[in-house]
């Protein structure tokens, strides 16, 4: 950094599509790229704390394999040699998958998640596994059993969550791309907090096989990247039908990069008024309305609309997700894998002791809530009622999409909050996902795209689309990004932009 | 206790208060009329997804028990079952 | 005890004989080394997902049709949540409010020949759990258990009867007929001893004529047909005893103790599980089209009751023969093949039910594995018919065929068992017998016709049973004239 005029290229800070050009032109080798990112990790990981597990040797080995292929003139898949981070609730054979939980601290899966398999097919370089709120239950990574990841923009603030480690790694230059999972906003909210692009695909577009379940009917895996083009490339790589996931849709998938045209003329965008409540943060409102102006200037028709049942989304979510979670997390009992509390006399005592000591407070809170919502006498009043209101929420979207190609809203009601600000009050924490979780309830795709800074902190706008309309969202995001350049913002201690 | 969790007095107090608050919040769900509304358990219109009756690979024996907290003679070992 | 009547309903679990498990590709073969037939899915590893085996549904439809059930147009799976170390996910994927099939019936007969009909409330699919082995523990160590997950995920069909059964004997007969019907559909071998057929019983008693049901007990751990009958007899007596003594019946789950021949309380209703059923989000709904049902129906084999009626009409066999021949599809198949090759139903039935069954039972061999194929048996029957061997010699021939797997002709030739039908060859023996038994000859000549039988026997004995008895008879009469 010293030395005046000469500004060395920081490979770790470039986008995947730019790096691919450099790899193909032999301006950089995959090993050099990998080393660049590993050095960056050495430099900032102590402050950011994005990773739970790093696999330096594995990453360098894969990078070397890519270089051999390059030397032999082989054609390489689009993400070959690109350094990736994987959220630690996805299985990668041979590396621990902790879900940031004490109960799975030492668990090493003997199989690869489908998305991991697909990244391996791409010859992507997998650096390691990133931090999250325990079992993806949270919005800040503060519920990780191990440590809290810091927001690269301000280490006193959270990176968002639950995919906070993945978002922080992409923002901090310690991974070029990352995979996250999104059950109620867990990709989009941290993307907004960290100033990166984050997409939750349509339920069923990406296989869940190998993603450790939180709430099965809501979970989806998706990309966290530095721009919309990378988002399309990663989505191309991980989507598609998987016979191991019954809820994976057997459907031809398009090449999502074909939607990256810088043109939104005539496209119709709805602004649901429920997503702009009177109490919305002024800065957030200003940034989102600027985005609206940009899109209108580009020729999109923007109009206010209504999703009248929006107010019910949060309680519906907080009945359905914990109910499914209470059942999904029953398997952590200390019998086959994971933590077992020592010294139990009988198996029931062992179950109770292992689970009580193995799970953190937020997980236990949700298990109890879910168990209660499903128990005899309460099922109809809570769980079944929530499923019915879920139908009303879906219908709101169906109606809106008769008029609009996409809906636009803030991704989150605020910028990254201070560590510790919300840990005492679960409902305040839950409100962090207020604009994102309806898309999960309705199974719709949503993407958060950087839209500028408020008081030096990034904020994203969210586009929500019809089922399988990821292409439309990418097109809008791409046009927006091209005309604003907000995605080039980098955290203050890293050089901004990659000039692409 | 159905969830198979042991909680301290302190935890019970805290959780009870928090759960009560969450459930109170959930009471707003009684506002919309859902008498004619079908529940949504699945958002997908999928049905009849099958695998064929074909035997595939089993886990290697060392992988089966690799993560077992306690094992004996190729079995998972647990304290006495009532 | 005629003052009271019992009300019994049976819940039967049948393991389906698919190659792979219900939700994953692991093998279902019985008897493999423990924990050798598991994959990430049936071991319940984090991140894994179930995908339904199509054949399980097809088998389920077969049984449902055989039990005259209505097939659900729309069906789904649910999670039944409870903690137990043999259950890898601590929930069982089962079916709750929308089972595969419902409202069927099964007709059956008790040993006294009385016919009964029992309703079938529902038929649903679910996954099996693993197995626990309990160990005592060394000197100062506490007892512990070992878990084998091979059985986890083996497909089960649960068949719930209506409370239409009125006695322990009826329960056993119902179960027997259910087993036969299911075996005919070809979806399970229904071996109670291997656990591929399991039965729990709900039983209550009430004063005869009373409409309202008494308080029921659920009886578990019934590991044989005999156990079902004995446990129910015991439990009915126990409940009547309590009522007679003015005591209350408690709703509870009881376990049959085979050694002590009693049922003992396991848990009361208050301790019963709250299974917190909810729709399985990892599986999609099942829609069973009428055309699928029709395809399965067309491929359904002849069922036991139809077969029995046909045997009566076509073969005119006595009811007892029919019952035994149709008790298992293997035996019936064997018999029918035999009759096709040797169209004398009664003769084939006699040999199948007599000597052949005796040999099979003694050697513990299944009819499907019998080395004497129907064609071999029919060859033997033809050799009896044309006088090559006597019926008595044929029994020995069959036994040799059964153990060695040789054909009838080979056995007869090797052992020189061909019947002597040449009068010339027999004359010498006849003369010897007459000369050797002057007193008997005298008796015969004095009018004691029974003495002839003795002389025939002596000739048979001298020829090692090979002489044609009627020829011997004629020769003796001629000589003694």
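Residue numbering begins at 1 within each chain, and the chains themselves are lettered A, B and C in the order written.
Methods note: contacts are C-beta pairs under 8 Å (C-beta built on N, C-alpha and C of every residue); 3 or more make two chains touch, one makes a residue touch a chain.
Here the structure is a predicted model, which means the values were calculated and not measured.
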Arrangement of touching chains [line / ring / star / complete / other]: complete
Comparison of B-C and A-B (more C-beta pairs in contact): A-B
Chain whose Cα mean lies nearest the overall Cα mean: B
Centre distance in Å when chain A and chain C are each reduced to the mean of their C-alpha atoms: 57
Chain A and chain B: spacing of chain centres that average the CA atoms, whole Å: 23
Chain centre separation (chain B, chain C; CA means) in Å: 39
Where chain A touches two or more other chains at once, by residue number: 107, 110, 217, 243, 246-247, 326, 330, 333, 335-337, 345, 347-348, 351, 371, 375
Where chain C touches two or more other chains, by residue: 40, 43, 51-52, 81, 83, 85, 142, 145, 147, 274, 276, 281, 283-284
Residue list for chain B, restricted to those that touch at least two other chains: 2, 4, 41-42, 44, 46, 49, 51, 59, 76, 78-81
Complex contact set, residues of chain B against chain C: 2, 4, 41-42, 44, 46-59, 61, 64-65, 72-81
Contact footprint of chain C on chain A as seen in their complex: 90-91, 97, 99, 104, 107, 109-111, 113, 208-213, 215-217, 243-247, 323-324, 326-327, 330-331, 333, 335-337, 345, 347-348, 351, 371, 374-376, 379, 383
For the chain B and chain A complex, residues of the former touching the latter: 1-7, 11, 15, 18-19, 21-23, 25-26, 28-32, 34, 37-44, 46, 49, 51, 59-60, 63, 66-70, 76, 78-82
Residue numbers on chain A that touch chain B, as the complex places them: 106-108, 110, 203-204, 217, 243, 246-247, 249, 309, 311-312, 314-316, 318-319, 326, 330, 333-340, 344-353, 355-356, 359, 361, 364-365, 367-369, 371-372, 375, 382, 384-392, 394, 426-427, 441-443
Residues of chain C touching chain B in the complex: 18-20, 24-27, 33-40, 43, 51-57, 76, 81, 83-85, 132-134, 142-149, 274, 276, 279, 281, 283-287
